[in-house]
Structures are given as structure tokens and as C-alpha cells.
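So, here's a batch of structures to check.
Look at the two complexes coming up: chain A is in both, with chain B in one and chain C in the other.
== the complex of A and B ==
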């Protein structure tokens, strides 16, 4: 009787004492918390920085009408500089749009093949290959655009210049395809095998199983993959700078050269005086890009998250 | 050259079988199933007659589910699963079929845990008819209603046919999969422990449906509930640890007229 009493008394003392394990746990919690929120702090920091840099322009020279609706980007005109990004938006949009037309069939096809048809070593090999493709630096893609695609387009389509929407769109599409493939394949893998078995037990062929069961079940993830690829295309700079021809122009056909928002910043920022209206206007483009890519990624993320819950 | 000789002999073999034992829906000879070389079921010989309910009882790991999987060639999903021996369905060797999809479309399967496809309730049931090429809405409506009614689910879902099948409760999903299997208008219906996820009242309703369905099809019923086999099955096979211990008229097995003592011991709950 007295034995149990003392035992529970010592236990009670332990309950009321903080030991080393307790402190280590708290410290690690704090460290992980800091690491976790640092990403958010950096993002907010970047946003605040570019906003501050572009702020003077937003207050003084900025006109909503001119900025979004004028197709003249002439910031270095000494008498009447004009800051219209409509042509730049058209450039980015046309290149990204074409890139998606190239990338969607390739990446979905590849994802379906890797996820549903390939087995064993073929499958592992292809997955590694796709990851490898996703890691090719964008300047290398730009170089391919300049030195391979450019003469090829001139030769095939008999046009004077091969640096245009077509060139950049194909390059960007090939760049975005690996990451889209990878995410789309994850979405297909998330579809439980019992669905496939159940559909096959009904007598469905492989293609019927994929088309009627797997794709509908994975559609949110696939849409997310497309949007993330689009975000990638939107924000891509180097390859686009090298392959578009870099001419401010609203394209009338895929053979017209264009200039992208990102490429404009990359090409001009080094040549402007810090704090000048031109410098600040470039940062305003940065804010615009930041918001657009943020929205695309957020939408993609919400959609992908949607499937996990459903 | 050798191949041609083999083909001829197996052809005459199949002709003979169909001629002499036409009432056999399914014939299994020397069936052995193994996973990565480890046998799960060895040397099973049995036959299932047309329009009977054929019960399979036995404890876990007896090989019951593997047996069902081999019947509609679900071994193709699982590269580690290998099936040896001969299975004849309607007199045809199912390992030498040109169109395995057509075979599967004639065999309805109900899995132990319900698999509502990620489609609407309506589409779950209409999928198989659609795969068969039925396109007319009226015809599909009629099939969906008939199958859901037979599976004792129609009254509960008739007002929400367009909501997702996967949102139904477990028991409802199980009845949905039964309706889906019926929508195949199968020759052979295989149920693998269908009552695991279904409440007793619904189980009894489905059992009544199965007795009716016997007129139209052959049914193989794998069950953990020996009394369910007694209520439904015309003949029953007892599987134990990868062996088919015996096959007999259900009532005989349950009244101790079986050949093997282990069967009666299992039925009476002495092990299992």
C-alpha cells in the first residue's frame, strides 16, 4: 500500500518538472518555425522591395491608361517618354499561349505513357529523363533557340528572321513540358489502382479505362499541372529574351518578333539610372509580373489541393 | 510445325468437352496460382454448373480471392501473380482468348470493399452499357433503373443520380457496385464477400435478389459467413490454406456428409 503511494508521488513530481528533452523540443520547435516562415518573409520582402523601387513612378508618371493600353514602350525618348506595356503583354501572352499549345499534348501524352503504360525499368528511366530535362538551364534553351531553331525556321518557312513567336513558343513549350509531365504523372498516380481494376473488370480496354476513369479522376491535378507550366512560361526570361527577336510589337502572326515583359526588365535594367522614371517603370512591370505569376500559382495550388481533399 | 499439332489436339479437346458436359459453365483443371513463386492455391479441380449459385467458403488466406481473380484474368494487373492450369469458360480456354476484354465484360465482379468509380451514380451503372455501345438515353435510363432496383438501391438514390457515386455510404456503394456488375448483363456473377460493408437487413435483401438472379446467370459467391453459403449456395467448395479440400452439395456438407472432417470442423466453428 505504502509502496504504491511513494511510486505515484515520484511520478507526480516528474509531471511537474521540465527536463532536458522538454527544452530541446521547444528549441527545435522554434528553429523549425523560423525556417518555415522565412520563405514567407522573403516573399513579402521581395514584394515590398520591388514596390518601393517602383513607387515613385506609380505616384508621378504612372497613368493606368498609358501603362496598360499604349503599345509604345519608349522610355528613353528624351522629350516625351512613353511607358505602354500592351505590346509587351501581347508578346508574353502570345509566346506563353503557343508554348501551352506545344506543351500540353506532349506533357499529357508523356504522363499517360509513363503513368499508365510503361512498366518497370522503362518507367523509371523515363521518369529520370524527364526530371533531367526539367533541370536544363534556360540559357541553354535560349541558345538552342538562337542557333538551331532560328536557321531551321528560316529554312522551313522561308521567312527572313527565325527569332519570333514561333521560335520562342516552341522553346518555351519544350521547357515547360518536363515539369508539367512530372506533375501530371503525380496526378495520375494519385488515382487509386482499385478504380482501374474495377473499370477493367467491367471489360473496359486500357484506353477506355484511362479515358473514362483515370483522366476524369485526375482532372484537377492535370489542370494544376497546366497552370504551373503556364506560370513557368510567364516568368521565363533568358530563353525568351534570346528567341523572341526582342522587338516591341503586337504580333500579327507567329512569324513576327515580339518582346516579353520579363526580357524587357532583364535587358534594360542594367542601362538605366537608379531611381530614374525608366528604372522605376521597369520595377512596376516587375510588380505586375509578380502579381500575375502569384495568381497563376495560387490558382494551380488551390486546384491541386482540391483533388487531395476530394 | 509442333505448334500446329498442339493446336489441333487442344481444339478437338475443347469440342469434346463442350459436347459431353454442356451444362458446365466453368471448368477448372489443375489450377495453381502463385505470387512471386509462392503458391497461394494449388491444384484445384472443380466445375461450376449453369444457373447455380456456387459457394466458396474458407478462412483468410485460403486462396478464395485469388481464385476469383484468375477467372476473369485479373492476373494481368499483377505481374507477380502467375496462373497455371486450365480454366474453361463456356467451353473456351480463357488463357487462349483473342479478346480478353470481351471475356471480362461477360463476368460481373463485386469486390469485398466497394469501389465506386469517381463518376456519378448514373454513370457508374451506365458505363458498362456504354462500353457495349448502347447510346440511346432512354435505353440507358431503363438499364440504370432496373439494375439499381435489383441491387436494392433505387429508392435511396433515384433523386440524386447525378451526384458522385463515391459520396455514398459504404453499404450504398457496395450496392452500387452490385448494380454496376448487373449492368454488364453478365453470364457469370462473382461476389467476393459482398456483405462485409453491408448491414444485415440489406444483406438479406441482396441475398433474395441473388436467388432471383440465378434464373439468368451463374453465380459464384465467396463468403466468410458459412451460414450465408448454406442459405444461398447449391453447391459449395471449401478452401483451406491454398487447397480445395472438397466440393459438394451444400446441404450435404452442412449435415456432415462431406468427405473430409476438416470441412465440418470449419463449418461448426472449430477453427477459422
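== the complex of A and C ==
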């Protein structure tokens, strides 16, 4: 009786694999898990920290009406500072809108050409080129708007100043296009080849295959690409700061200078005292930007995920 | 063989029309950028010299070189890499080797997408609130680098995950069958087979970090400093911010100076990206499995 007992005990000990390697494995697993959830921690951290810094403004000076409906952004007025971001929203919206008008047709067209028409070396070359274009830093784009586009616009359209919605919109469009192109091309690539083969077997020409089969099948992915490009344009800072003319203004035409939400923070944060209402108001704009981009990204993600399931 | 029916001829014509239309769109997308780059080289090329790269700015930044800014960018990028590469690789290891396909993993993925999508100026605000004020690093290389590290973390995670995914499952199974633990398998088999792919992503991240301006404006980069940084708690100049400063903030800058700075910045970024792309193609060609 006792013999079998000791036997099973030693056997149990034999099967116990908790040696040093086992413990190391567990520790690493815990560490890696922490790293894995770091992205979630950082997203929450970003929201928490900008809210902490902007909280005083939200409690005291913030009025929903004034903040969203007043077009006067005069935070440094000593007697009666006004914190209205309507004109800034109009600035961001006009520039992003024009950028999308520039970028959407070209990047979708380019994606279709690269994904469906181009082959071999041409395709590879174009893909590399698009990737390199996407890498150009935003401050360089801003500088291009300032020093190349600005005189060009003055010359062509005979206007006194070339830093305006048109300038920033084109710059932003050129910036967003490569990203939209490569995401859209991925979406086209995700359409299974058997769809194309089936359509071709029915006698469809190449463009019929593309318009009747590939594009409908890739619809959600393409929409996702457009949304992500829009998010990028919406959140762009340096290029918009340098190319818009930076004047608080609800634009009446594409030749009016405007000021964007992001650029306002970039231009004014350095001049404000930490903790002052102006400083806190800038962080409140940050919260607004964070929420909007979060919603854009979430929507894009849900749309793209929608096709994967379908 | 068969005579072309009129329908076929028409279809062919339409197809060619569309082909040319889309090609034109691609060309129109690419050509302006090439022209712009050409202009940058044309206007800024003449100022680039050994002296320009390795001397200090003089005369209130209207003359002289860009050395402190170049060195500062290297500082910022190096410290940012030290923080983001280990964290990003570990996060990718978790996602590819440990995480199951469930809602929690999807939540992490959503967080990564958002981390990449949050505007850079919001990252800057976070850097000010968290690193400069809350953790008390002040405006310093450390605060700027950590802000950039968090911002570019998705680049490392995504590219590392791709290269981990490319390691065949059979490699892992073979290793497990030898009695190795999960970590031993990852360290001895998975990571060595993925290391070059990870490196490609790291180069890409270096390029991203080099060009960013907004996140470092208020966290550690200064307009002008008369001295070079001695530790991570010092402020520094940076190339990207220097371009903004000489292009917009300093009066009386000769025209070719900002063009020269822009050219150096864009050359650094594009060269690193090209290396990364070339490396990726080389690896794709070499792959044994």
C-alpha cells in the first residue's frame, strides 16, 4: 500500500515540469502580455492626460455654445477672451474637404492602375514610388506649400497671397494620396482572383471585370481607405500650419486664408502659461481632435472588418 | 482565328480608354511630386557641403550650418528607438505568439490603429501632459523621444508582426516537440528567423521619427541652443523643427538655406526608406521556405 503511494508521488514529481525554464517562461509571458496591452494603455493614457490638462477649462470657462458656435478665437484678449472654434473647424473642414477632392479620384485611379492593370516591374516600381511618397515628412510638405506653391498660386491666379485653402488643400491632398493609394490597393488585392476569373470566363472585358466585379467586392475596403486618408488630413499639423495662411476666418472662397484646429495648438501652445485658461482651451481642442479621429478610425475599422466577414 | 465582332472591338476600345485614363491618374499623382523634389534639389543643392552639415548656425541662424540640429535629431531618434523597439517587438510577440483570435485581441488591434491615427499634435499634448509635467522630465530629449516612441510604436508592432507571421508554424511545432518551452521556441527559433524583417520595420521607424515635428516642438526640441546636449535631460535642436524655424520664424534667411535643410531632411528620410524597401525585396528573394 505505502509502496504504491511513494511510487505515485515520485511519479508526480517526475511529471512536474516547474523547473527554472518553466518559471522563466511564465515571467516572459507576463512581460509580453504587458507589452501587448501597452497600446491600449497608451490610448487611455493619451485621453486621460490631455483631459487632466484641459479639465480646468471644461469646468470653468467652457460653454458649449461659445466653444462650438462662436467664430471668434481670441484667447489672449485680456478683458473678454473668446474661445470659439467654429472658424477653426471651418478651416480644418475646408482644407480637408479640398484635399479629399484632390486625393480620392487620383488615389483610387492609381490604385486600380497599380492593382489591376500594371504588371511585373512597372507595378513593383509604382508601389515603391507610392511608398516613398508617403514617407515625405509633413514639415517638408509645409515648406513646399510655403516656398513653391505660394508663388505659383500668386502667379497663376493673380491673387495677393498664395497661402490659403487652395494651397493647403493641394498639399494635403498630395500627402494623403499615397496612403490612400496603398490602402486601396490592398483592398483590391483582397478580392479573390476567382471572382475575376469567373467574370472573365463569362466573357467580360478587363474593365467590365473591374467595374462590375472587383470594385463592388472591394467597396468597403476602398471606403476604409478614404476614411483613413481623411483622418490623416484632418490630423495633419505642420503642413497645414505653414500653408493655410493661419488667419482665423470662415472661408468664402478657396483663395481665403484659414486656420486649422491642429495648427492653432501648434502655434499657440508655446506662448501660453501652463495652467492658464488659454493653455487649457488648447488641450480642450486636443480632446475634440482625439475624439473625432477616434471615431473616424473606429468607423474605418468596422467598415473594413465588415468585408472580411462578408 | 475568329473575326472580331463589332462588340468586341468596342469593348477593347473602352478597355484601352480606361487603361490610359487610370495610367494618366497615376502619372498625375506622381509627377507633381517628382517636380517638387526636383525643385528642392535645384534650389537647395548648391548650399549642401561638408561645412553645411558639420558647422553651427551663425548670425541668428541666417548663415552657417546645421550640425546641432543634425546631432539633436540623432539623439532623439536613438532614445526613441531604445524605448519603442523592445516594447514594440514584445507587443508583436504577444499578438502573434500568445494572443488568441478573440475580442480582446481585436481591442488591442483597434488601439494600435488609433495610436497610429491620433493627430501628431495630440501626441504632443500628451507628451507635455505626461512626460514634461506629470513625470517631471521637463522639456528634454527624454520627453520628446518617449512621445515619439509612443507615436511610432504601431510601425514597429505591425512590421514585426508581419515578419513573425512569415515564420512557418512547423518551425514552432518542431521546437515544441523537442520539449522546449514557448519562450525558448520564440527566442531560439522564431525571433532569429524574423530578425531581418524586424530590422526592416525598425529602419522604417527611424525614418518616421526623423521627420516628425509637431510632437517634439513642445516636449524637447528648441528653436536655437548655443550648446550641444550632454544628456537625455537636456533640450536639443532638431532638423525637422529647424526647417520650420528657418522657413517661418527667422527674418532675413537667404533663400537657399531652408531649401538646403529641407533637402537634407528629405534625403535622410528617403534614403532610409529605400534601404528598408531594398532590404525587404532582398529578403523576399532569399526566403528558403
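Keep this in mind: the second predicted complex is superposed on the first by the 283 of 310 C-alpha atoms of A that agree within 3 Å, B and C clash if a C-alpha of one lies under 4 Å from a C-alpha of the other, contacts with A are read in each partner's own complex, and residues count from 1 in each chain.
Assume contacts are C-beta pairs under 8 Å (C-beta built on N, C-alpha and C of every residue); 3 or more make two chains touch, one makes a residue touch a chain.
Just so it is clear, the model here is predicted, and its values are computed rather than measured.
Colleague: Going by the contact rule set out at the top, does A:244 touch chain B (first), chain C (second), both, or neither?
Modeller: Touch partners of A:244: none, neither chain B nor chain C.
Colleague: Tell me which touches more residues of chain A here: chain C or chain B.
Modeller: Greater contact footprint in residues on chain A: C.
Colleague: With both complexes overlaid on chain A, does A:220 touch chain B (first), chain C (second), both or neither?
Modeller: neither
Colleague: Given the touch rule stated above, what does A:195 touch, chain B (first), chain C (second), both, or neither?
Modeller: first
Colleague: Look at A:208 in the shared chain and tell me whether it touches chain B only, chain C only, both, or neither; answer first, second, both or neither.
Modeller: both
Colleague: Answer with first, second, both or neither: which of chain B and chain C does A:164 touch in the superposed model?
Modeller: Once the two structures are laid over each other on A, A:164 reaches no partner at all.
Colleague: State whether A:146 touches chain B only (first), chain C only (second), both chains, or neither.
Modeller: After superposition on chain A, A:146 lies in contact with chain C alone.
Colleague: In the overlay, answer first, second, both or neither for which of chain B and chain C A:119 touches.
Modeller: In the superposition, A:119 contacts chain B only.
Colleague: Return the residues of chain A at which the contacts from chain B and from chain C coincide.
Modeller: Looking at chain A, the two contact sets intersect at 205, 208.
Colleague: Show which residues of chain B lie in contact with chain A when the two form their complex.
Modeller: 72, 74, 77, 79, 101-107, 109, 111, 113, 115, 117-119, 127-128, 131, 177, 180, 184
Colleague: Under the definition above, what is the set of chain A residues touching chain B in their complex?
Modeller: These residues of chain A touch chain B: 119, 191, 193-205, 208, 212-213, 216-217.
Colleague: Per the contact definition, I'd like the list of chain C residues that touch chain A in the complex.
Modeller: Its residues touching chain A are 11-12, 14-15, 18-19, 21-26, 28-30, 32-33, 36, 39-40, 87-88, 90-91, 93-95, 97-99, 107-108, 110-115, 117-126, 128-130, 133-134, 150, 153-154, 157, 181-184, 207-208, 210-214, 217-218, 240-241, 243-244, 247-248, 258-259, 262, 265-266, 269-270, 273-274, 277.
Colleague: Given the complex with chain C, which residues does chain A contribute to the contact?
Modeller: Result: residues 21-22, 24-25, 28-29, 31-33, 35-40, 42-43, 45-46, 49-50, 52-53, 105-107, 109-110, 112-114, 117, 126, 128-133, 135-140, 142-144, 146-148, 174, 177-178, 181, 205-208, 210, 228, 231-232, 234-238, 242, 262, 265-266, 269-270, 274, 282-283, 286, 289-290, 293-294, 296-298, 300-301 of chain A touch chain C.
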